[in-house]
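Each of the two complexes below includes subunit A, the first together with subunit B, the second together with subunit C.
Then we have the complex of A and B:
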């Protein structure tokens, strides 16, 4: 545990220094990568560890975004660090509370039924946020810029997203090695056999779901801060749910670094390589997913693993 | 001799079909007890009833001073009843050791002594050499051992083994029977469902015989084997001369 933690810390320090040498465009690309990676990894806590694929996770981006925006009175004055923590914190709390509320009915469902139920939850919540005036979803809500005076906005959110991503990676690493993680693996592999071995399946799924929702909501808040103005349509978007799944799938579902690698690779592809052909990028995303699923079902991380195994093999029998 | 598990009036119906009909038995502590009977006698159903996997229609199960009726499967497992399936259900994506770790983490031992429980279970099931292999690469015989190791890692007081010898070659069967002896020496009680009669006669301290969901005989294996009702159940009626 110590070595990966030190590596992680070194990588974070390196990434934190990058904005000092990069231009604003590339800092924005980095910010976008961190947000995508954080969202994909938050989704992975239930989707990857337990193979419970939520197709409606954008609901927690939306709830987090609106929780941060609507709790503005709580944090609108004060130090930037307090503003950031209160905004992100209220997003995490409200997302976790909503997840806890819906967890009991929908996590007694298995596999595909859970997937479908989440799709419905996302639609219902988006409609509710649009329809009830108290949420101001149809009109939209604006968030003030909270970057400290003198600091460039994109740098501030770059560092904030990096910090939140670090927290998410550490939480995922802890779960991966804990009793919770092994229980979730057992659920992924064979839920009945897990039950027979004493794994309290429903309770563990609910725990993972709430953690996943809180983290997704936190990234939703950052996403909203960065946008500055949100409506139902901009944060409750099916495309965002899909992105989290695609990133995890492309990167590989075997390790917590899969979703991160997938998010970085896909963001680089769509935001940089295809920056001039925005109208094609969804089609090309689709194509990439098809190619990955056929050619490398274990994702990019699986390809690297296979290549390293082959090399070691060849080394042994020259 | 003390009793680990007391089953009274076990009854299970599916519609009009009575698959287990008012069966009573006690499992004595520390030894191997076998449930035998022809196909359809209700042996596997009884395992499902004891573990709470299927609910009882009538009757009661008492284990470690508690009534298990209506208790969820995972709580029964945590009380100390572990089950090894006939058709192995390994976690294919995990290593042998991590498979066994799940048993240890969620069993009676809880989060204490996890590594010690894993080592003991791997040793008792003769799997220590394969600990780091992915479960997906094991043979049928090795999977059967993994099934046992995973159950034993929970430090159960009672192990339910559902046809652990089915489909194995004699050398593998002998290895598993030797494992059972080791497990009993470590204080476990084993309740066995098995069709391999020579093995049942060799390993069991006590045998309960069922036919078509009903109790017909019990006792020491050599006594039960001479019981005319048991012979009739297995071989049919003797032809009149």
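Then we have the complex of A and C:
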């Protein structure tokens, strides 16, 4: 546990120093890499560990974003760190509460039915936020800029996203080594067998769901702060749900670093390499999804692992 | 009272369209246990094909319908053979969902680039004829489309019951291994099933294009509608799709009239969610694999 933690700390320090040498555009790319990586990893806590594929996780981005925006009275004055913590914290709490409310009925469903039920939850919540004037979803809500005076806005959010990503990675690493993680693996392999052997499947699934929702909501709040102005359509987007899944799959579903690698690779591809082809952005994402599912079902990590195994194998038997 | 009857009549007519949009989805789901997230793309693609036929070639959408269905069949069966088959064979449990979602993204993007994201509609000369029956007023196009939809659903039902290919499809749905032992080319059957499902999706798109305005991004809505209809009515059976569609249509128009148009989609999605939680195999849950 110590070595990976030290490596993680070193990587974080290195990444935290990068904005001092990079221009604003690249800092923004880094920021969106951290946001996508964090979202993909939050999704992975349920989707990867327990193989409960949620197709509607954007619901927690939306809830987190609106929770942060509508709780503005709580945090609108004060120190910037307090503002950030209160905004993100209220998003995490509201997301976790909503998740706790729907967890039991939703998690009774398995496979396709869970996937589609989450899609339905996302659609219902999006429609509700638009339809009821309390949420101001149709008109949109604006968030004040909370970056401390004198600091470049993109740098502030870059560091905030990096910090939240670090928290998420540590939580995921802890889960992977705790009883919760092993229980979720057992559910992924064979839920009925796990239940028969005494694994408290329902409780573990609900715990993972709530943690995943709280983290997704926190990133949703940060996303909203960074956007500055949110509407239902900008935060309850089906494309966001899909991106979380695609990043996890492109990276590889075997390890918690899969979603991060996938998010970084896909963001680099779409934001930097294809920056001039914005029109075909969706089509390319779609093609990448199809190609990955057919050609590399184990993701980038799987491809690299296979290549290394092959090389070692060849080295032994010339 | 007359408002109520008018609302119900409108709901039934709208429901007929929902049924025909869902029946292809239901077939694919029932036979292959695949949730085809690209179904809406075939629906909207059908609408755009009809638009091209009507506005640039000057062909009546209803005359173009068989050609568009044939195109849908070819595209659907090729997609199944060359994309779905390898993905499902190699991939993880949600491979089919992801591949169909990816395909939907590609097509929506291309449609947006070609046709822009503006709202389009098809209005042939007879589009604004209204039939009056006492207090009731019925849109002629909707009635005609409803009739065509009914005939097509009946034809599909007959095809599945009586024809040789229909029997083979049902046999493969019950047990792929068993069917293969009897000499059935299951890959070919799956390709044909996907083709028929897509053809019905495209045909419903033609009818929808004549009644409602449409945009490329609406494909998601039609996929979800199909899913709601199927979870309501029951997977795999044309009768289930018919029942689910009519219930859905009436629920939608009643909400629209008595609660307000903003709540229509919310109520429909809530019905889907409640159905999934209470009785995921639908009111007429059939003996197909996916519903068991």
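Keep in mind that, in the parts below, the second predicted complex is superposed on the first by the 317 of 318 C-alpha atoms of A that agree within 3 Å, B and C clash if a C-alpha of one lies under 4 Å from a C-alpha of the other, contacts with A are read in each partner's own complex, and residues count from 1 in each chain.
One rule holds in what follows: a contact is a pair of C-beta atoms (placed from the backbone, for glycine too) under 8 Å apart; a residue touches a chain by one contact, two chains touch by 3 or more.
Just so you know, these numbers come straight off a predicted model, no measurement behind them.
K.L.:
Check whether subunit B or subunit C contacts more residues of subunit A in the superposed model.
P.N.:
Answer, by number of touched residues of subunit A: C.
K.L.:
Once chain A of both complexes is superposed, is A:151 in touch with subunit B (first), subunit C (second), both, or neither?
P.N.:
A:151 sits against neither subunit B nor subunit C.
K.L.:
Quick one: is A:283 in contact with subunit B, with subunit C, with both, or with neither? Answer first, second, both or neither.
P.N.:
The answer is second: A:283 touches subunit C but not subunit B.
K.L.:
Check the residue A:297 against both partner chains and state whether it touches subunit B (first), subunit C (second), both, or neither.
P.N.:
Only subunit C; A:297 stays clear of subunit B.
K.L.:
Kindly classify A:272 by the partners it touches after superposition: subunit B alone (first), subunit C alone (second), both, or neither?
P.N.:
neither
K.L.:
Using the superposition on chain A described above, determine whether A:17 touches subunit B (first), subunit C (second), both, or neither.
P.N.:
Neither partner.
K.L.:
One more residue to check, A:108. First (subunit B), second (subunit C), both or neither?
P.N.:
Touch partner of A:108: subunit C, not subunit B.
K.L.:
Touch test for A:188: subunit B only (first), subunit C only (second), both, or neither?
P.N.:
First partner only.
K.L.:
Return first, second, both or neither, reflecting whether A:5 touches subunit B, subunit C, both chains, or no partner chain.
P.N.:
Touch status of A:5: no partner.
K.L.:
Touch check for A:200: first (subunit B), second (subunit C), both, or neither?
P.N.:
First partner only, subunit B.
K.L.:
Once the two structures are superposed, pull the subunit A residues common to the subunit B and subunit C interfaces.
P.N.:
none
K.L.:
Please give the residue numbers of subunit A that touch subunit B in the complex, ascending.
P.N.:
The touching residues are 179, 182-183, 185-186, 188-190, 192-201.
K.L.:
Applying the document's contact rule, which stretches of subunit A touch subunit C when the two form their complex?
P.N.:
Counting only subunit A, the residues touching subunit C are 51, 53, 55, 105-106, 108-109, 111-113, 115-117, 119-121, 123-124, 127-128, 130-131, 238, 242, 245-246, 249, 253, 279-283, 285-290, 293-294, 297.
K.L.:
Can you tell me which positions in subunit C touch subunit A when the two form their complex?
P.N.:
33, 35, 83, 86-87, 90-95, 97-99, 101-106, 108-110, 113, 220, 224, 227, 262-263, 265-266, 269-270, 272-273, 276-277, 280
K.L.:
Would you mind writing out the residues of subunit B in touch with subunit A in their complex?
P.N.:
Contacts found on subunit B: 51, 53, 73-75, 77-78, 82-83, 85, 89-94, 98, 101-103, 105-108, 111, 150-151, 154.
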